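Listed after this line are the structures, all set down as structure tokens.
In the two complexes below, subunit A is the common chain; its partner is subunit B in one and subunit C in the other.
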Partner chain A sequence: MTLLKNLAVTVLVGIVLLILSYRIGSFHDYELAEVAAYVTAVGGLTMLVGISGQISIGHGAFMFIGAYVAALLLQHLRWPIYLLIIAAAAACAVAGGIVGLAAARLRGPYLAGATLMLAVALPEIAGRYQGVFGGDQGLDINVTVPSALGANFQLTQWLAWVTCLAALITLFLLANLVNSRVGRSWRAVRDDEIAASLSGLNVARLQILAFVVSAACAGVGGALLAIVLANVSPGTFTLTLSIALLTAAVLGGLGSLAGALWGTLLFVFLPGYLTNVAQSHGLNSSASSSVPIAAYGVVLIVVMLVFPAGIQGAVRRLLGIAAPAAGAPLTVLRRQAAALDPKEKSTTTLVGTAPPEKGKGTR
Partner chain B sequence: MKRPSTMRLAPVAGLAAIAMLAAACGSSGGSSSASGGSNAKPGASAPGITATSITIGSTQPLTGVAAPGYDEISQASEAYFQYVNAHGGIFGRKINYIVKNDQYNPSITSTMTRQLVLNDNVFADFDALGTPTHLAVAPFLNSEKVPDVFVASGCECWNAPTTWPETFGWQLDYIREGKILGNYIKTTFPGKKVGIFYQNDEFGLDGVKGLDYELPASTVVAKEPYDVTNTTVGPAVAKLKAAGAQIVVSFSVPAFTALLKLNMLGLSFNPTLVVSDVGSDAITLGGLLESFAAQSHKKVVGNQLTQGIITDGYLPALSDTSSNTWLQLFSKIHAQYIPKLPFDGNVEYGMSVAYSFVQAMEKAGKNPTRQDLLTAIQGGLSQGPSVAPYAYSPTNHNGGTGAYMGTIKNGVLVQMGPVLVTDTSPTGAITPYTTPQPPAPASGIPSP
Partner chain C sequence: MQEFLEFTLGGVSQGMVYAAIALSLVLIWRGTRVLNYSQGAMAMFTTYVALIVINHTHNYWLGFVVAIASGLVLGAVVERGVIRPTTRRPPLNAVIVTIGLLILIEGLAGIIYGGSFRSFPPGYSVRGFNIGHVALGISPEGLYTTIAVLLAAAGLALVFRYTAVGLRLRATAFNPDVARLLGVRTGRVLTLGWALAGAFGALAGVLVSPTTFLYPNSTDLIFVLGFTAAVIGGLESPLGAVIGGLVLGVLLNYVSGYLGSDLVDPAGLVALVAVLMLRPGGLFSMSTVRRV
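Moving on, here comes the complex of A and B:
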């Protein structure tokens, strides 16, 4: 049932986006493609943190791997786009498996630290092996419009098609996975590892699997981003990107794919919008270019204070939709915070507002 | 069996939101890929040109690692354009200059440049700053046939008339600059050990190439690259010291010149420091040195630390502000439009390159197409504020061809010796250019 519904919805959204891509003009096609690339990575991350209960501050590194795999395969072997994306996903799945092996042994801040290291260290490789990765300047990745579409077909529209299709397929698979037995097992592990283990679940294997899936999504996102930007360089995959991905997931609402989209939209559109607003109010260019950085911080603080379950949590609350039975993603963070302090018994004090529970829709 | 209800709704709500948002943007943003041809009114001769305005765009580092100093360039260009607009514009059209902040990050440059071309519909990309950043978008600009004029980078790569017909350099390219610096070191400090510190991309590599053309290989004892994404330069500086370098040549942006200098101080390493023009503006450097030192709770005086740095200049030396007509013009505009900025090399650069653009546009004619602008530049531009002539021709898209050597004294660049011109070949001679620089026009605006 769920599978069919998800499929129907995916196809429907696909058709809407297809029509849209003809109507919004080149630049918005480009932005659409950018959102599709980032939402894929954020979707994988929100699943990892919100559903499986692990944290990663290193997802930019998986995007880095995906992007360079795609760029190198295109440059040297001229693989078609769909194979580039699949190869990037596969490479990142392997990388995610390796990281997952370590991750399954680490908890809370230690896991955060380990993945943080990944985000800092990995892009440096591009500078060390300049001959292969092109150094700071990176590699060009030029995709062309298939000749079947005609000579005047806009490249950005083609990119929007490719990225939206890839994002839809990835999110569709992810949504089904989260609703499947695997997803339920992840939630069980997230909420109580010992209880999950007693119920016969292999905790470590499930945690590694979560990393594999999440990294593969980031790999797809990285490959898509590379294709959209037409260039991959280490400057794209800084620690800032990793943190921005996590911020987008948290802002949107951990564990929710819709939330991933809200977060991504903020991440992609807010800076440009705010710069324009600041400039139209007569701020000079260097002052107005600092506004988005400050505003992003303010938005983050406000959302966390007012809607601890993220934007999707707020949407649910406003619409009176019950949170999913096993939702309550913030229990993860609460539990991890509580684990740091053995004396702390009442965990609710650590996070201001308890996440909405089933049946308590509106205030 | 009961299933949680959110996940299957998630993709619906989410993607529907993309759809709505994109649609909203689409309607408010207006037509984005209009090409001037079909509905050309009188005066609207090309995309970005109307009867009353010329819209051009640029990507600049207004925040981030390359911002200190360079964030003044676009403000200075804008000041010059305002001056031109106030004096009648270009054939009556006012220049509308849109500057986007790319933070010296190639992925942001990609997005911002597409925004300028596809959304803001600019006539040309003007003075986009940075080698790694602009390399990410030059193919795009050329495939869209958007004039990509006067890139704010001395990479020799902009000189590719067959593959990138739309792209033009402007400032002295780093190969010529490397040759001039190398030649000076070779003749002034014969036999001394030279260490090279350079940015690990085409900017630094072109500079090193030029140096290598001139410096005997036996005198170069170390070559240490840095990455703009990594501000830890201590190990590189330690290697330069360990190699016994008596002279250190640096092809770096100002922030990394400052980091180099402070790390040298920390290691009590005091070689003669030679810095390429783009990384050597004395006022910018002095400020950076003071603020970086303050971050680690140390107090230094910027002007003392920049004292004696050897560099080169392709625009008039700021020590000549009272006598040089170009500097008089620019300091007048500076006082009128951007008095809060220091009058430094970045401001001089921004106004000079804006002058060249106005000059090229006037030459392109009353109702210019994009091709007219390219033809005008390829036909050659007079040197204007530059101390040496430009190389522009149909087969050469490099800008400046020469510079003078200079040194920083009390926070100001002072010229040493004549202007030297050369080419980009390994063997091309370096010769003095003795023709005096033509003075600035009295109106301050170039005539076609």
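Moving on, here comes the complex of A and C:
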């Protein structure tokens, strides 16, 4: 049933977007394409953090890999777009597997540090190699409208079609995966690794798989972004991008694909707005370009402290739907509350009760 | 042989900066089980404060003292303000909050000070020592860096070992619940731990900025290398952090000297991944115990 429901939603959204792409004009088509590129990466990240319980502050690096793979393949081999996207996904799946291999052995802080290293070091390396990666200038990537659509067809509309289709397919696959046996296993591992492995789940393999899938999504996002921007350069894939992706996922509500969309929309449109507001208040351009960066920080902190379920959590509460298992921080919170309060033991999820974190419970 | 000496001594003074960052991470990790991703950004910010003081007063040492003091304050404020409320939440929340702090502080620095690269004055001459015609690979500034970090680390060790405050810090790190039952005001002790960590970060910022320039992202890479040093040392042991910093600094300086400076960042990445894959508990761990 879920499969059919997801399919129906995907097709419906696809039709709406198709009509929209004719109506909104060239500039908004471009923005639509941008949103589609980012939401793919944010969707993969929110799944990784919210469902499988692993953190990455290096997803910008996976987007970077996807973008450069696409650009290099187009430049040297002239592959068609769909092959570029698939190749980017494959390359990132491999990269994600390598990181995941490390990740499966690492607990939270180590893992985040390793992915942080990736985000800082990779663009730095590409900037140094003029010959292959084009140095700081990066590589140009030019796609053309297929001639079948006629000579007057706008490139931006074509880009919107390509990116939206790729994003929809990716998110559809992701949504099904999250609702599948694999998704349930991920949640089990997230909530209690030891209980999960006692129940016969292969924790390491599941964690690596989560990284592979998530990195592949980021790779698709990176390839799409490269096509939209018509250029890939190290300056696009900074640590700030990685953190912005995480901000979008957190703001939307970790583990929720719908939330990923809300987060991405804010992430694409809000920075420009904030910069304008700052400039109109007399900040110079260098200072006002930092305003959105500071805003990411405020959002991350405030959401985590005040409403960890994010926008989608608020939407669910408004609609009166009980939060399903996808609302990651909520279930974990509930579990902890149950562990702290003996009267509420009945709400404990999974096998057994988790003991309160030693050394963190009381002060 | 002369080259080897040069690269080794140069690496030692670089490694001490990583050691200072690593020490600050270890201090916080032991106390709160939080890895502070904003440590580098905090160091960057306090260095800006120092730079302003130095530009106004033309007194390096006044700037130095102000940097350390603002590091203390910043660390305490951060712990009280945003870290304390995450205590009862899943560990992931604290991680995300410190990442938020990282980007918030970098954004604020961009708003207040602009994005341009600024030079930060060294405390001593950066011209290398020579014996006859043989370059030693270390300058008075490098020597000062080494001595400053070693002194600070030794001071910390003495405080930990011989004072009542140090005993409380160790007790709280070892077992907060028991420490609390025995009358230690663990909340204050944790704040103190963060404040000390802020001071160590500030020290690293002041010492490294003459070579890296100062801009909102200037400490990103330094932080990552400091983190690597802390992981090499095992995240638990202050001595391990200092040794980790030394090992990493010397190693990276060999890479830079013998293989080319382009390879320093990839080598840092390889070093981190290698340590994490082979000895996730650090080089000095005997066996790893996972907390349930």
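One rule holds for everything that comes next: the second predicted complex is superposed on the first by the 293 of 363 C-alpha atoms of A that agree within 3 Å, B and C clash if a C-alpha of one lies under 4 Å from a C-alpha of the other, contacts with A are read in each partner's own complex, and residues count from 1 in each chain.
Convention: a contact is a pair of C-beta atoms (placed from the backbone, for glycine too) under 8 Å apart; a residue touches a chain by one contact, two chains touch by 3 or more.
What you are looking at is a predicted structure, and each value in this text was computed from that prediction instead of being measured.
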| item | value |
| --- | --- |
| Partner chain(s) touched by A:G282 [first = subunit B, second = subunit C, both, neither] | neither |
| Partner chain(s) touched by A:G320 [first = subunit B, second = subunit C, both, neither] | neither |
| Partner chain in contact with A:G200 - subunit B first, subunit C second, else both or neither | neither |
| First (subunit B), second (subunit C), both or neither touched by A:I293 | both |
| Subunit B versus subunit C as contact partner of A:I24, first or second or both or neither | first |
| Touching partner for A:E124 - first (subunit B), second (subunit C), both, neither | both |
| Contacts of A:G135 with subunit B and subunit C, given as first, second, both or neither | first |
| Touching partner for A:L168 - first (subunit B), second (subunit C), both, neither | first |
| Common ground on subunit A, meaning residues reached by subunit C in one complex and by subunit B in the other | 124, 238, 284, 286, 289-290, 293 |
| Residue numbers on subunit B that touch subunit A, as the complex places them | 2-19, 21-23, 25-26, 29, 31-33, 60, 62-63, 67, 71, 74-75, 78, 99, 101, 104-107, 110-111, 114-115, 118-119, 131-132, 135-137, 139-140, 143, 199-202, 225, 227-230 |
| Contact set on subunit A toward subunit C in their complex | 49, 53, 55, 57, 101-102, 105-110, 112-114, 116-118, 120-121, 124-125, 128, 194, 238-240, 243, 246-247, 250, 278, 283-284, 286-301, 304-305, 308, 329, 332-333, 336, 340, 355, 357-363 |
| Complex contacts: residues of subunit C adjacent to subunit A | 29, 33-35, 37, 82, 85-93, 95-97, 99-112, 114-116, 175-177, 180, 186-187, 190, 216-217, 220-221, 224, 227-228, 231, 235, 262, 265-266, 268-269, 272-273, 276-277, 280, 290-292 |
| Parts of subunit A lying in touch with subunit B, wherever the complex brings them together | 2, 5-6, 9-10, 12-13, 16-17, 20, 23-28, 30-32, 34-36, 39, 123-124, 127, 130, 135-138, 140, 142, 154-156, 168, 171-172, 175, 178-179, 183, 225, 228-231, 233-236, 238, 256-262, 265, 269, 272, 275, 284-286, 289-290, 293, 312, 315-316, 321-327 |
